[in-house]
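First chain A sits with chain B, and in the next complex the same chain sits with chain C.
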Partner chain A sequence: MSIVTVQLGQCGNQVGQELFDVICKDAHDGQKKGYNDASTERFFHETTTGDLSSRAVLIDMEPKVINHSMSKAAKSGRWRYGEKSHFSQKQGSGNNWANGFCVHGPRHREAMEDLVRREVERCDRLAGVMTMMSVAGGTGSGVGTYVTQCLREVYPNSFILNHLTWPYDSGEVIVQNYNSVLTLSHLYGLSDAILVHENDTVHRICAQLLNIKHISFGDVNRVIAHQLASVLQPALTTDSYGVYSRNPLGELVSSLACHPEYKLLSVCSIPQVASSSMAYSVFSWPGLLKHLRQMLISNTKMEEGIDWQVRAPPAHCGGAESARSFRTTVFNTSLANLLILRGKDVFSAEADGFQEAALYTSWLPSREAFSMWKSPVSFNQYEKSATLVSNSQTLLKPLDNMVRKAWNMFASRAYIHQYTKFGIAEEDFLDSFTSLEQVLSSYIQLG
Partner chain B sequence: MTQSIVVQVGQCGNQVGCRFWDLALREHAHVNKKGVYDEALGSFFRNVDSRSSGAGSCDTMGGRIQRLKARAVLVDMEEGVVNQIVQGPLRDLFDTTQLLTDVSGSGNNWAVGHMTYGSAYREQIVEKVRRAAEHCDCLQCFFLIHSMGGGTGSGLGTRVLGLLEEEFPEVCRIVTSVYPSEEDDVITSPYNSVLAMRELTEHADCVLPVENQSLVEILTRVRLMSRAPGPGVKTDSTLISSQGGGPEKPFDSMNNIIANLLLNITSSARFEGSLNMDLNEISMNLVPFPRLHYLVPSLSPLHSLADCSITPKRPDQMFSDAFSKDHQLIRADPKNSLYLACALMGRGDLLLSDLRRNIHRLRSSLSFVSWNPEGWKTSLCSVAPVGHAHSLLALANNTCVKGTFTALRDRYTRLYRKKAHLHHYLQEEGMELSLFSQAAESLSSLIEEYDQLDRSSSSSSSSSSSSPDAPRLQIAT
Partner chain C sequence: MHPSKRAVKVKEVIGVLCKLLTATGLDSVPTPEVFRRAKFNCGPEVEDPFWRLLASVLKTCNIISVDASPKLPGTSDYRKLVAVGLWQNGYHIDWIKCVRERGEECNPCSRDLLLALGWLLATGTLETMLAHRAQQLDSTWLEPAGVTPPTVHGAQMDHSSLRKLQWLIGSLRFQRRSLLSMQEEWSKLMNMVLSVCFPSSSSSSSTFISDSNSALQEECVRMQELCHLLKSYVDWKHTEKLFWAWMDSVVECHATDKREVCLVDQDAKVSANRSRAVCHHGNQRLECFNYMLLGLLTVQEMRGQRREKEEPRRRWVTEGDDKLLAERDSRTLPDMLQTSSPLSPCLSTHISPGPLRQAYRVRLQGETEMPHSCSPAEKPSYGAVLAGKLQASEASRLLLLTEASLLERKERCQRANRMQLQEMIGRLEDLVLIAP
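Our next item is the complex of A and B:
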């Protein structure tokens, strides 16, 4: 089945390009045919000249980034973007969510919908739509939210996955917390699942695991693309009987987003090492999975500085008790986890540690809460690799920070006039705050 | 890419504008060696066919430069300065259709400029601006340059501002306003400035205030250093040279500083960079409340621009300088006042890590308003100013700006108490006494808004080191 990707704004268009690059390289570096064919069907279609063209739509309100991404793809020689699959304007959204959502979105609705429809019609079997964007700026967040809303209307029965990049905590856009709050609260009602990468976390991976000295946005984007591809590339589920071509978005959503109050997914993968030290590293499945499990329960987002003291609680203590002290508790309770293993001897790997009931909330049995996909094909040059997609309390703290900062600013009504002039009222802000406080409260009550 | 139009009004506005066009041309000539008309040039210049006299446009990108025309409208109510420009080395940049002049001047009277000339020339001004706008395929911003003290710049300049808002409500208006020195030879300058202030507060998106006195002090320091033993002044430095602009005129070096400010603020719109800042992002990020849109500019390096015997400063020194009192273009000390927000716009070989490191280093010595502790907006433009490795422009929305405003109000009050010169104003059609009190009230309430922010920050900082969070919404569970 095929996924149509919609890349929005500067961030979305940069990360998207890296994603297709990783996928294309991974699937065609002498891999097995079944895997390659499934991957190609998922992300590309063949043009009449036999080239691979990505099933992607590029949207931005200014032309520079799209031009750059398209020419980078063409230069790769492996794949390219469809010649007419992009839409851009001259003037950006100026970091203003309201400008993107209320002005640019509605103004260009038809053109943007047409582009998506063309890609959808090219698919024999549509798995769903994935949008990629950041939440900080104006175009990705504002137009991105608007486009998601339109897609939900046009394709009410298709899966929609939003991939979001969350900004650096001390950001480069002053109003990023407003834009983030508005985006997340709206998407929560539209999306099937929201997959999040935090710039701060990825930046630390670049610095500490990959040993990159001068970190650029390109480095950060490549790490995001690597993790995302490791989720989306073909894999075998427990009931797929050795056949790759299943619906990756549908299976992701049904394994992880089983309750409408819980839609925030985080990703971590191991191993991630600098390419120079790859040759000297040997990994075993039990070792990788032991680390990954501890990363999950101690809420460590990369394989360094893992707190080995954290243990799963012996039995469930009342939700309200731990809820009150969530800022001090370290144990990370999950609603659902999806483990994806790729590489050599994958069928010998045992993931018992992830199936313990203590890891999960009391109202969902662990056999429902835990899923595993496997693929014997090694991924992106790693002989063995494991990726965990988790619907847990991991994102509670960054989300709480975002809401707190935006709320502090809102308390003095700073910058509100910039939004009201495009048609977003104070009440809209209040609604957004309310719905995110609700989300926070739900996640607090998990543990 | 988007385009911007410069509207320069009055003697000061036209002189500063003239320096801007000269330096902008030199900057583009330095980057664009092939003589191709590109997006960067297109943001402030048109390319017209030299065969058909100015009418035939060949604005298509990638073609050869034929004849460049500034996207500008020049307005003055006397002929001297504009005539000098159209007879000087920059004459080819402007068509006569872009100029509007009168002969008699505004007599340092805001009412003459704003009311009398404003009404008489209204249609013509709108027509000229509209024509300039029609040459743009995506007009993003107007840059208005004027002074506050005289009659034309302050009176007609602010009238033009209102017209721009009326006719082009969606286009951003960034105003560069030159404030008079305390010992100004124009006796009515406090009246003119206060009357103009109200217009700026109500109709501009952003105002970049520049004080004459501050420019004089900066130049004195620069001259002192360039007299020090050593190879002397850099000949290609854009700060104090005026080559290409004809013989140096008295205000040229001061005007060059302002022109440099404009070059830097527009650099991100004109050239590529790893972290772009669109012009509409300036007000979005730096203006939390609609009236508080006065952004204190500071440029660095200043000293090393003038004297190459001083080794180029390390980037870190440049960041420190940008926050020092000596580098502000108004006489104010942002370090000892409250920041609402701050933009750092770097050019040249600066890296993302330079920005991050210096923000981290400096933030503890600066006080930010409690609800915006991370109020930084940053940008990086890869093209450095001519002759330099890097430069930095800081735009601070800082309560220190109120010092300039209170000094202005005091001078105004002294004059107004005696009702001196009022009759010159009141005899102009449309001018009423109530306009004076409304303008003074508007200024006072602006000062009060800054005061209030200062007070709330000092009360919260005395109670605890970090101000407490606002009580959050409670969800019933």
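Our next item is the complex of A and C:
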């Protein structure tokens, strides 16, 4: 079972390159053969010369980033991108979602679909397609949304996971909130699940956990790649019966995002320490899981500054009562959680703390809401590591901020003409706002 | 389509059906030519294969017991068993009842058997046999587990239940996708296995696969048979329409014959011999026409009878007819039909131009019209029958006469109806009728 990755725009292409790098390094650094083979089948295919070529398609409206990513991959000596698996143009989308979605996407649809089709045909069995993009710019968000729409049409029975990088709250692009709102509202109807990384959170991890002084996009991308790879690398799942799962995307979305109103997934992973500190760190499963659980319920996105005061509501307080009592605190209610444990003595790890009914919404029993994958192979040089993919209220606040800021701009009609000139009407904006308000409302009602 | 081309096409379609029936594991499938001849009732050499085929279908579908079935199709028990099977499958037709009760005395013709087969195919036995055979061939076949649908307790669809339901629906959708993907992979792998095992043709496979791999070989053969079976079914589904159109024509033939038999031999019992149905030849069209005329007038009489019950007297009924009408009022339709025949044991030409009512009693009668159920003592002599034969010119004259009488009568009916309508309109004072 293989995953075809579509990297879109500057962010998608940079994060994608880092992701393949981490996966390849992890799978081939003295790991077990079964794990190695499963990982290779999932993300790479062997060329006639015996090299590993990633099952990826690179799309951008400017050639610079694609060329850089391809040369970086080739330089690694472990893997490379397919020679003809990329598509680029001379002119970008100008950070305008409408330009990407209405102009560049339709204009180059055939070429982009053809690239994806070629990669799909190389797979013995397609596990699904994963698109990687940011929501702030024009190509990643606009063309990315358009490509997702095409993929849904062409592969109606395949799993589609969208990996999105949300921009810094302080702002990278003036119209980033418009682009984000338009992207998210459209993807909500197309994607099976939307896995989100927030630049702000990752930046804090770089600064506080990894002790990086001058944080670059490369550092941020590496953290994202690490977390993403810890989800996507082979693992033993409940449905895989003692072998590495062959349906990673299917099992991921089946565990977490069966409900059409709840598709936003967040990831957090521990431990994450600077490589210089690795030698002096000792981790135990109970300790890691205790931290991770507290991070989940207190909505702390990294293993630093965890609020230990937050407690799960008592068992007898259910539903609305629970929500009222604990809304004042920062208790984070989950719809579903997937815990992925990798490393030494993994089978001795107990995750009872994640199976408490109080952690979850009242209408989904915890036995259905909680899943766990395990792999005895240590991941990316961490002897033990735990990753939590969560469909919870974690993203409620950043999403609310995003929608609020976009609405404020829209109320004053700021930059709207930049979108209407490419064919996005004010009604389209209103539809998008309505759709995201519904998402916000659904997540609020979880508690 | 040109008739000859259509005939060829029909034969091909029947061939497809025969192929499919053979692929489902039936051991006695007649050739397409036998099917074709069965439509025209071509005697016992066509009937026997159909008895066997029907028995085989009923056995495969477990409608009749395999152990209970006698070997020879000609025997009474064999036919009774098939009749019982057809009856159980909902085919409730006269000859089935007759065979069940009287066994060998009843002798349904091959067309009857063909129609019975058509019934079986139309009621889904083909699909049952297909599933049965596929189950035998496919080692990976799993009986669907008995899944009880979850019940909604108290039928309370509150907010939480609805959300849970939406989640479950989503979960099922994802499961379906995963299964589809697995099925695709399974097909690809199976294709690879088959292409390795049978690189060019199946004939070379026996040399390629050693005896030690007999299990694999058997599996491959089974898979090929399964593919063949499914392909046959797909071919059948593509051409099925034409087969049923042809079956319609069989039904039409059957219906036409039945009408004729009704006229030819009112008193005939079910055990009447088949030659009657076979030997129409030249008289067939005349008989059809005769039937049509009689039918037409019978309908008219029935209508008249109804009206007469409402209004005993009508202006358009002549005085001479009154007696006849009065007589008829007390009789049923079969009675009326019976009264027509005594007038003409072989050819009722006692037509008098005056009483029009007798015009429709003119009937052409060939040798087939012999009352077969009569005892030899009651049978009219062959000479008398021959004497009753009609010359073509005479028949033509009589037909013309009948036609003229009918037209005249039609006109009178129309006139009477018109007058009646006017009377009715006259009575409806408040109603204004606007001509269209």
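The rule is simple: the second predicted complex is superposed on the first by the 430 of 447 C-alpha atoms of A that agree within 3 Å, B and C clash if a C-alpha of one lies under 4 Å from a C-alpha of the other, contacts with A are read in each partner's own complex, and residues count from 1 in each chain.
We adopt the following convention: a contact is a pair of C-beta atoms (placed from the backbone, for glycine too) under 8 Å apart; a residue touches a chain by one contact, two chains touch by 3 or more.
Everything quoted here is computed from the prediction, not taken from an experiment.
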| Do chain B and chain C fit side by side on chain A after the overlay, or clash? | fit
| task | Answer with first, second, both or neither: which of chain B and chain C does A:W363 touch in the superposed model? | result | second
| query | After lining up the shared chain so the two structures overlap, which partner does A:G34 touch, if you call chain B first and chain C second: first, second, both or neither? | reply | neither
| field | chain A residues touched - chain C or chain B, whichever exceeds | value | B
| task | For A:P313, decide between first (touching chain B), second (touching chain C), both and neither. | result | neither
| query | Should A:S158 be classified as contacting the first partner (chain B), the second (chain C), both, or neither? | reply | second
| said: Quick check: superposed on A, how many Å separate the nearest Cα atoms of chain B and chain C? | reply: 10
| request: Spell out the residues on chain C that touch chain A in their complex, using ranges where they run on. | output: 159-161, 163-164, 166-171, 173-175, 177-178, 180-182, 184-185, 188
| task | Could you please specify the touching residues of chain A with respect to chain B in the complex? | result | 62-64, 90-92, 94-96, 138, 169-175, 214-217, 320, 403-405, 407-415, 417-418, 433-434, 437-438, 440-441, 445
| query | What does chain A use to touch chain C in their complex? | reply | 1, 124-127, 157-159, 192, 247, 250, 253-254, 257-261, 319, 361-364, 368
| request: Would you mind writing out the residues of chain B in touch with chain A in their complex? | output: 1-2, 137-138, 140, 272, 274-276, 278, 280-281, 283-290, 340-341, 351-353, 359, 370-372, 374-378, 469-470, 472-475, 477
